[in-house]
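Below is one structure; the comments refer to it alone.
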């Protein structure tokens, strides 16, 4: 039983309650750093690290933190992890860090992270909290990657810097620019809606058929 | 390295400083407002539908905290939510009888006559302002779906006969459809009350049945067949009063020639087949 | 062009916080459904940005010079506490002002636009006056974008936007179009 | 706004009298306000001109039998608006002479103002321009308000209609007599008769009949729609706007339709209460267009039959003018006090052009005589944001139809506005 | 015996209508654009046909693809898709690859119209939206100006670039008068500007023909004269003031008036009723706003031309303008005395 | 951050202490990561700077930082706040080649930061490297992606200043081709160099009297 529970927590973040596509959280880094796949993945990994780490800590200490100062404590914990991530990236991959610029520190303000602490980690045991964090962060990473990949493929004709269409490809510059971020995410959400709509329609048809048969 | 000391020192300093400032501020700048109002409001669904009789969820929360209303009066929340609100406020949930919206008309396109053709904006109220929309019966359902649009909970759908079918599971008994109907045909009644008059024509006899084949012709048979005092005639229509009379039984509807009084086991108009919505 | 003017115009139009830096998107997408609310939110944000600029300058000058690695954590804790303190102060002193903009203050504090402002101002090494001008430009720019979006959204409430696209998807696309229109400001006053 | 006039069909036709038929229906609520109270019972014999219903309150008038005959029924009968409403049905006596036996002419000069107003109420006189607002209410001026001008509305700006025009041509003396009565009673300094300048013959004949020294002025007005709307006419004649929510009397003017003034003259000089009116029957669907004197309560069916019946392809019959009139659902509805025309339209006029979305071209804004924003109203009404419409002063709209006329996208703006108004008033009631 | 009554129709008054219809208004705009389109053909030959044709094809394809099944035919008949495609085509450089023009038309309709709910609901001008998209997407191709064609049948090689591939620019490129003004401080003779003998977008070169079409529209009452008049006046006054300060640095009023897409934008794009304010006062504010932004961007901004951005920005402000310029209602704000 | 301390169960002291402890732990964690990554980060930065300097000053293999401090240019390792620095480049033999001067200013989109090599003796710009820019991809970013443009900053006369002209019309030694379609960005680069140059030209010692390379600053790290 226990196992399927944590699996459930994991999968819901990836797909059903995807923080970006379904809950529409964490928009700022989502749009700001996804002009290339590598940046998106780096950002996703950093967020992953921060979310999982802070969820672990918050969940571990959840009974010790007084309710009144819990948010302050969460923020201090998150900010610490972010600083750690910031310096690690700066030391290991200075080029990527330069591209991401100020957006690494801004992970602190990602409402998804604080939201998970408040809604989940501070209430559930460590194991579930970590699974939930992995799921959510994984979903976030997935969303970042898909957006980054789309924007890089169209905007630069490349993926992870590897040219896909040869030298003569005309890049769609707008994809790398800010409007492209908004538009691409808007269109992706549109497809999500469309998918949901088709699914509902299909389910309704099935239900109708069942009722007709019975 | 002295930075090994400065960092924790600064952090502790900041923590102490702002912790202290905020603690002092809490004490001296506190504004008296019951925090339970906010907490309760957060638990409520936030649809601001008004089904509880309050203008919105926040006023409802205020009344909840002051004890003027029961959590159960929120018809939108799930049982769980109501329980948790009741638990939080330490009051009785006070669950209400489930109400649903019922239509006091059974005259769809097949039953009621159309005397003129309406053309214009598709909507009941819009049609009603153009000489009554051309429906022969001036009291009946116009069938253009204002209620369907007004329903917040997607509980009303127009059936093929041009009558609104209320999904009793989804219906939260908010007054949206009641307000939307230009002919005031919707009534919120307890779902357990099976006996229902599906007509609104104050005319009697042929004058009524000329307009619509399922009109009440005010013959009074239902009054005679029902438990004494349960049904009385008023304005050429039967009025059912559960509090006044004996138990309601399906007997009352058996002799109704026009099926204008019905015994509802489930939703209204469920047995209607799909047929053309309007006739000339 | 004067340096201060350029800082102001740049933050206001050319590098609008919302439309080119993607900062403060949560309130931008969430609270922009009514014109009045967004105008008040914009006002409150501008105010918090000014407070932030002051805080950031104080921290940079007196604290972070000794411990640069505490930048992030100091910013977030100090700004949040200060704003919370001001919120309580306003609530006590002027309930009217509190209702008009105070209720937005906690919402704004943890907003990335605020933190972004502090970090950008530090990265660029702005002094006190520059920081204030930068905050003013960013705040007004945020308000401008918010009010424009709210106007467009209120108007589009009356349109037959297909059900599929209504909601966040539409807001994002409107934001994208706005961002596209703001590209026209690129290079403004930089060449003169 | 300059819609085509379409008046040539009937403007040269003399007023004729419709012969009496069999069935007459007098709804108790054919004026704005409280319905009248029946003063007869079913089966009772009534004489033409006899009082059959008393006013139900102050904003209400009396009803008189249009024919000599028997009260067949008092009950719910279908009215012009398609709904059922209490009415008195009278069956005419086929052998009666149907002569009005006039009360001896009253000495109107000796009546006090209150007595005069009561008399107007008991004569059943209402505004004959279409609104059917009880005239005595309009004539009752509260203390402290002084009426300086009596403005008589002879503009008749609606296309097709010529009944007022014919009335001015054929009964100028009665009009001037009535005007004098009302002016004296109100204590107004001057009577002004406003006539659109496309009726030069009416202007000329009225000027000829003014006796020297009489304080009457005939003012030719620009031809435009809606010149005949009260407040528009005041603006044209006096150049000032009546503030919203106020009445003409607040700017010292009393406005009455020519038909109303003649009805007052008929009552005080000839003793005949309001039991008939002049109706223009026109439109492309009617065989012989005419201007008719029609007893109130006459079914449209009888009126149309007198005019040679309907041509093939008839689609829509409108009571009133083509801009503001109401379509009727059945030929059995009666002609009422406020009915100035019966217009019959065929397929050609009614085959609706396709409705396009609003492109916000602003033509309706230019057309609206009240400077409202109809395009916004239409959009708001579709989104069911009625409260917002109220904030935009939807209740200042008089439903003149200019916006819909001007709309290139064929949006039924007036209908949407009326829907919204209906919803707003309805909801106000239901919330107590 | 009673004859059967006709089935009466209930249709709300007024029954009378004036003659103008929305599709006719749209067609009028197309007619008014014909002279300018002709000029485009004259100057740029077959290339103009290819570019404009691709735009229209893209626009119409988007209309058909996204229209609801039942209204598919109608949205084509009201000619708005064609109009958008044509307007977009006229704003594009003659050497633009056809696939880009096609994409522009498609985006213009789908992003500019369909997602808003179709005709009448969009808040931004679709043609300009398409152009802004193209300019942001393909900045180089969109700012590569080729000189007028030699013969009518000559086609720029760049027109025929394969989809998704770069255009090979053949021969020399010229610059637009605005570009030359901005970057080289070279002023183009006025006569050339008026007649259209300059580099530039297909339809924007000849100010005279555009003005002619505008007058036609004004005579047909299809256009709110306040908008073009206020835009052009603002541009003239603003640039005159600037010239007084420094005649060397700032362009003359007449140059501002006839260069770039100002005429096309002011007469055909800004006046799009759907995306401009409906109130008369709003129209003035809108026009002045566009005028000021045009000069601001042209003179102080980084781009040589700003008409498109100016109009799009004012489109964004239109709901606000409309809201605060509601006309004074009859009888409100007057005294009874 | 609503701490909502209305139900005052725990004492204020406990709240403050919790925050203080959290701050303490966090401070220790942060200082830990900072200290452990600092050497790598510093080395990265120095390497980057060195590479950039070597790029804009061809033939240079050693560098030294000069700081404008107290109205004079002195060779110094450290850099205080509000101080500006240039880098002197020396060839293998320790002979002075030129200065690498960093400059920044508004570009088309945002601030452009760059470094250029300059030899005071000949008044020539020897090379240019863009360090920081957010110029439009595909257009403005050619100021560092376009090899022709970057290459045109070698042996470019800066007397009296550099002028960007339309492509293909260079005739003077102080003229360079602007990038087609990115004129603003090109001109911004030129303007930044000109401005930085005019700022520094007064501060630099007269040609020929450059301070010699200090032995301990050999590799510039």
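Chains here go by letter, A, B, C, D, E and F, matching the order in which they are written, and residues are numbered from 1 within each.
Here is the rule we go by: a residue touches a chain if its C-beta (ideal position, glycine included) is under 8 Å from a C-beta of that chain, and two chains touch if they have at least 3 such contacts.
Values in this document were obtained by computation on a predicted structure and should not be read as measured data.
A.B. asks: Let me spell it out: compute each chain's centre from its C-alpha atoms, then which one is farthest from subunit B's centre?
C.D. replies: Farthest chain from subunit B, going by C-alpha centroids: F.
A.B. asks: For this structure, which two chains have more C-beta pairs in contact than any other pair?
C.D. replies: D-E
A.B. asks: What is the distance, in whole Å, between the centres of subunit D and subunit E, each centre taken as the mean of its C-alpha atoms?
C.D. replies: Roughly 49 Å separates the two chain centres.
A.B. asks: Would you kindly tell me how far, in whole Å, the mean C-alpha position of subunit B lies from that of subunit A?
C.D. replies: The separation of the two C-alpha centroids amounts to 40 Å.
A.B. asks: Hey, how far is the Cα centre of subunit B from the one of subunit F, in Å?
C.D. replies: Here subunit B and subunit F have centroids separated by 69 Å.
A.B. asks: Mind pulling the subunit C residues that touch 2 or more other chains?
C.D. replies: Residues 69-70, 73, 77, 80-81, 84, 110, 160, 165, 170, 173, 177, 180, 183, 186-187, 190-191 of subunit C each touch two or more of the other chains.
A.B. asks: Would you give the residues of subunit F that are in contact with at least 2 other chains, written as numbers and ranges?
C.D. replies: Subunit F, residues with two or more chain partners: 1-5, 15, 19, 22-23, 26-27, 30-31, 34, 108, 136, 138-139, 184.
A.B. asks: Residues of subunit E that contact two or more other chains, please.
C.D. replies: 8-12, 111, 118, 121, 133, 136, 139, 302, 322
A.B. asks: Quick check on the complex: what are the subunit F residues that touch subunit A?
C.D. replies: Listed in rising order, the residues are 1-5, 10, 14-15, 18-19, 22-23, 25-26, 29-30, 33-34, 37, 40-41, 44-45, 48, 136-139.
A.B. asks: Residue numbers of subunit B touching subunit F in their complex, please.
C.D. replies: 1, 3-4, 7-12, 14-16, 18-20, 22-23, 26-27, 30, 35
A.B. asks: Touching subunit C in the complex: which residues of subunit D?
C.D. replies: 357, 379-380, 382-383, 385
A.B. asks: Show me the residue ranges of subunit C that touch subunit F in the complex, using the header's touch definition.
C.D. replies: Of all residues in subunit C, those touching subunit F are 6, 10, 14-15, 65, 69-70, 73, 77, 80-81, 84, 106, 109-110, 124, 186-187, 190-191.
A.B. asks: Which residues of subunit F touch subunit B once you look at their complex with the stated criterion?
C.D. replies: Touching subunit B from subunit F are residues 3-7, 12, 15-16, 19-24, 26-28, 30-31, 34-35.
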